[in-house]
Amino acid sequence: MNAFRLTTKIRVAPQLLQSKALLSRAYTIAPMLKSDKKIRRSLMYVPCSEERKIQKSLKSQADCIMYDLEDGVSLNRKGQARQMVTSALELQRDKASELGVRINAIGSGLELDDLQVILQSKKLETILVPKVQTPTDIAFVSNMIDTLAPEETKHKIKIIAAIESALGIMNIREIATCNPRIDSLLFAAEDYCNDTEMTRTPSKIELYYARATVSNAAHAYGLEAIDMVCMDFKSKETLKDECLNGLRLGFSGKQAIHPDQIDMINASFCPSPDVIDRAVKIVKGFEEHSSKGIGAFDLDGKAIDMPVVKWAEKIIIRAKLSGVDVEKLLA
Amino acid sequence: MNAFRLTTKIRVAPQLLQSKALLSRAYTIAPMLKSDKKIRRSLMYVPCSEERKIQKSLKSQADCIMYDLEDGVSLNRKGQARQMVTSALELQRDKASELGVRINAIGSGLELDDLQVILQSKKLETILVPKVQTPTDIAFVSNMIDTLAPEETKHKIKIIAAIESALGIMNIREIATCNPRIDSLLFAAEDYCNDTEMTRTPSKIELYYARATVSNAAHAYGLEAIDMVCMDFKSKETLKDECLNGLRLGFSGKQAIHPDQIDMINASFCPSPDVIDRAVKIVKGFEEHSSKGIGAFDLDGKAIDMPVVKWAEKIIIRAKLSGVDVEKLLA
Amino acid sequence: MNAFRLTTKIRVAPQLLQSKALLSRAYTIAPMLKSDKKIRRSLMYVPCSEERKIQKSLKSQADCIMYDLEDGVSLNRKGQARQMVTSALELQRDKASELGVRINAIGSGLELDDLQVILQSKKLETILVPKVQTPTDIAFVSNMIDTLAPEETKHKIKIIAAIESALGIMNIREIATCNPRIDSLLFAAEDYCNDTEMTRTPSKIELYYARATVSNAAHAYGLEAIDMVCMDFKSKETLKDECLNGLRLGFSGKQAIHPDQIDMINASFCPSPDVIDRAVKIVKGFEEHSSKGIGAFDLDGKAIDMPVVKWAEKIIIRAKLSGVDVEKLLA
């Protein structure tokens, strides 16, 4: 074993053999917990032409209420839906959900009117752009935000890019990286199947390629990944299976078309107690060691390095935004 | 509910609240049914060095007869196969199948001779370019068509690009979009496995990535997607399973190496009666509503919008080309 | 049948109907067998901060010993690990394994010190660059090799690019093609899951997209593909299943974290006797026919063309490097 110390081959300056402090100051997760970001486990579509559904949305526990001007509204009611949407955004509601609007697709001939109406609202937080195929679609919406949105909210309006075509998948890199307002990539299975003539089966394998592409691209560029709607809204089993499947594939949330889907989705996309527990151990361990100038350590026999710490941070922030008292766990 | 009408926040001009007519004139599928396009559910390889197989091909019910100068012909018979191919194209046959030739790969040293022979025929409809790796391969074939093909047919000759290597998959976007003559992307499993050292198993999972990539790229750029050969030509079960699997993954047809495979492939890639029925309902409903200036409507509780209508169009056109009397169903 | 010979439509010059010799000289696999390339079925990580494990590595049957300065070494022992690594490379060992070092990730602040130490060794054959995200990461390492490596070994040092993030997957084409020193793409599941929040399940389906992307890209650009670590090092069954799964997906080798994994990995990634047998038949048949000026032939009723011959070459070379006496089989 002395061989390691006795070697004379090394001519490198001794200081190079010392480990540099990786972190210039002690690490703590505390500042990250102050984020006023809203979690978006469940994204619930509410057709804006139906007052009954708008009323119902006021009691919804969905993380994101997405008032819909597009597929949920028939063409002869688009005008009426536009009249109702800005009012809907103003109403009092039980939960401080994120408020968004799904406009009609760029190129439909309806999108300009949609934007001119919704961009008057100071309550609008997010625009879901459906059927995105190229960065141009996003550029148009972003330019309209710059031009029309209220000064107070303009810099905060987020865009969700919905990938629901074969071309959207081909261009996903360009779409994901084209505009800083993009916050999420969303995969929509129904239109993707219409476009590609694929069939959605219980195995979900036909859509795996597109879903994995969306999830991977979202994570590559720091965006959220929102999974497809579960069409079978009567079966809790099917929904549960789809949620678990999406979670394992890296999705951070799921679209919903029925109020009964929200609880299951919210519960599924909140980290489980044992996952939170492990994340807390990792972050606490890292805080403790970094305060002593040590940047990596062992936990239950496994080396904890930066990718693991970053994973743990994501879990803890998600848990906190889901309502878990993580400060208590971290104390 | 009055809240929606009483709001005073909306300052937008009233005309923006009215829905624009999405369609400038009433929609009808009739013109699309006049297409003289041939369907290509089954693509049957016929080695051009074997007169017996050429004779047999005259009775084939395959949608596309692909006379083969490449892998089905040994090197010492390439000259003989070239002598036979142009004659084969001229022969009388039972069905007005699409007639194509698979030439030898670009770079094999054989492709120029192949093209000089086959481009003299006025019967040649389609060239299958095997082992396409870059757009250059396609450019060469297209330039040869421009130079050598008869004036009467030159503008109609189509190219099928066969993707059968890892590099073909990497370059699929560039290949799919490089030339207007490209009509289809075709996936060939045997050479893909040789190139990537992957193994074809009954689960087909090893090839899923490549097949999904080909299907998605084809749909992104308006091309057909043709699935791999079923090598086990003795088992109807295996063939049926592969057909269904390909159909669900968005493929529009399948290659065949044995005459016994044709009927099953043709039947599998023709839409089923209930799918046709639904497509007819969608198109009829859309025609009816658009004549009243309404562009979206409900069918069996589901909103029908443009992606669904486009899907229905594809189904109806495919059914018609498969021999179904869709005019009667649409009446 | 006379129709084929009697046609008068063919005006092409007669010489075009003759097959050109595809091969200017008779083919033989012999020169390829002289390669001094080392096989890399198993790549074993050895934490460079642990003398006991370094000692153990001297008896390892792993094809590639990868001395680790990164995740296997805690931050407060990085300096010590650097002190030990160059000595470790010098030690006598049972098998002439390939010797590599996994440095810390580019951007960690540790990589420059790592490189300054290890590039003094003439025994260093391979550098594993972890967490590669862009070609810049590789360019840095390659430039350091140019600057610091001994003249005698500089041109031989290889780089393995580890893909373990969503961005690495997005940029895989650029990474794979950016530098001639890159010899392999390696997929690392643990950090990929941390980055993408995906979950590794026994079905392995969540990682299929990333693994297939890595395998396909490697084959597209003539690189090796090295599969993920099997974390469950106590179960032979799990390891065997993972090896088989990786092999079928085109991987040429697998990472190991425990000495007990080596034998199974080496055995799994060596071609089986019947596969070798078939490859030998193909190569012998091709040598025989090409000596007569024939470039394609039938074997067991299947046409043997270049992609098949290239596959057979890969099998034979791999068998030889795995210790099989292929010269005897080829005689």
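The chains carry the letters A, B and C, assigned in the order they are written, with residues numbered from 1 in each.
Going forward, a residue touches a chain if its C-beta (ideal position, glycine included) is under 8 Å from a C-beta of that chain, and two chains touch if they have at least 3 such contacts.
By chain, UniProt protein names: A, B, C = HpcH/HpaI aldolase/citrate lyase domain-containing protein.
Worth saying up front: this structure is predicted, and the values here are computed from it rather than measured.
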Between subunit C and subunit A, is it the same set of residue numbers doing the touching on each side, over half shared, or a different set? different
Between subunit B and subunit C the C-alpha superposition rotation, given in steps of 5 degrees, amounts to 120
When the C-alpha atoms of subunit A and subunit C are each averaged to a single point, how far apart are the two points in Å? 36
Considering subunit B alone, which of its residues make contact with at least two other chains? 208-209
Show which residues of subunit C lie in contact with subunit A when the two form their complex. 51, 54-55, 70-80, 82-84, 86-88, 90-91, 108-110, 113, 116-117, 120-121, 131, 164-167, 169-170, 190-191, 193-199, 201, 205-206, 208-210
Per the touch rule, the subunit C residues reaching subunit B in their complex are 1, 3-7, 9-12, 16-20, 22, 173, 208-209, 212-213, 215-221, 247-250, 252, 293-298, 303, 305-308, 310-311, 314
